[in-house]
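Here the structure comes first, spelled out in structure tokens, and everything after it is commentary.
Going in written order, the chains are labelled A, B and C, and every chain counts its residues from 1.
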């Protein structure tokens, strides 16, 4: 898949993007430095602006966690569209930190964060849509969201 | 506010900087690569070199947590001064990771980390002193400090 | 120590490298961008491909944790060798995030992560093998591994 197809691919997937979130504190949701686009930690914003809430292994099961990670990915796409316009302006994913809010016994963080990574692979392709990653369990997340993800992208 | 005012702004705020901490392990507190300055995770060092200690939601309340994050910010400024001299050599904040040591029920990590971010905004201005950020809850932090923050800055 | 000695130093240490792990999800273990090499979060892979498992302070003691961090370092070296060939192609360590899976009362994360950092210092020297670092406690890690580490290196 060619990068120039990212927006076409997005349209084919029939995805609905939530509104791009404003900052919840003193930070920028998005910052461009040279050919890199940095995204702040994003949560799973829904179309009605509410957040998906709950801890995985307690309030949500693993499949709900993976869907929440996908929703985080959609929220990140919304921020990208708001700040740089078209998705094909992203050349590739460099790095993702997938933060999972789960019980201490939870062991399948990579499966959960795949919900976001598979979305990015569908948009930008398996080569450029996939970067390095850590997918790990946190003690707690803001507003008790199940997943938060920050990322660094390379621009075209 | 102009970046060249950072040191003047610092003086106007009447801030007292704690001593710059040495490494607690095999790492550098600060590293420069090209036009970027990387800071290791910093804790809340006080003027007498002791650390603020305690978990937020158990030993410390949210306002004490925010003050601890501000003290982390002052400790980071101390490291910057020690390594590059004047604060105006920083062009802008690129990225901050705000690590909060709190009970699993805690939900207001962004409010806590604002203690550092508001300090940086006061020093370098609301445009250059504010970058992307994640502010999230960890399971534990070294020496049971309430807040640890790492950062990437762009140099002039 | 000169960087060009990294592979010689490696041989002198008589180290055995585990097999380089494939991705456990939708990510790349290693990505090169310009003169930087990014490594995804790595776990402690052993020579027989199994992982060291357990939480520090519950299943493993602090010395076992430090050995696990060293094993993570060896696993990272294996990935580097697989992707760029010789270890001397690394100029220096820029940044490490040391993620420790431990009980909430644990306070000595830097000591644990030194297991990896001391290995890197032995390979690339105390100046180039040591970068900035955060070593902190997570709520849980994939497969209940005790340590996961991600890193950014500068290439020659």
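The rule we apply is simple: a contact is a pair of C-beta atoms (placed from the backbone, for glycine too) under 8 Å apart; a residue touches a chain by one contact, two chains touch by 3 or more.
All values reported here derive from a predicted model rather than from experimental measurement.
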Inter-copy rotation, subunit A to subunit C, in degrees (Cα atoms; steps of 5): 120
Copies subunit B and subunit C touch via same or different residues, half shared test: different
Whole-Å gap between the CA centroids of subunit B and subunit C: 26
Sequence positions of subunit B contacting 2 or more other chains: 104, 137-140
Partner subunit C, residues of subunit B touching it in the complex: 24-31, 33, 38-41, 55, 97, 99, 104, 137-144, 148, 150
Subunit B residues within the subunit A interface of the complex: 94-96, 100-111, 113-114, 117-118, 121, 130-140, 154
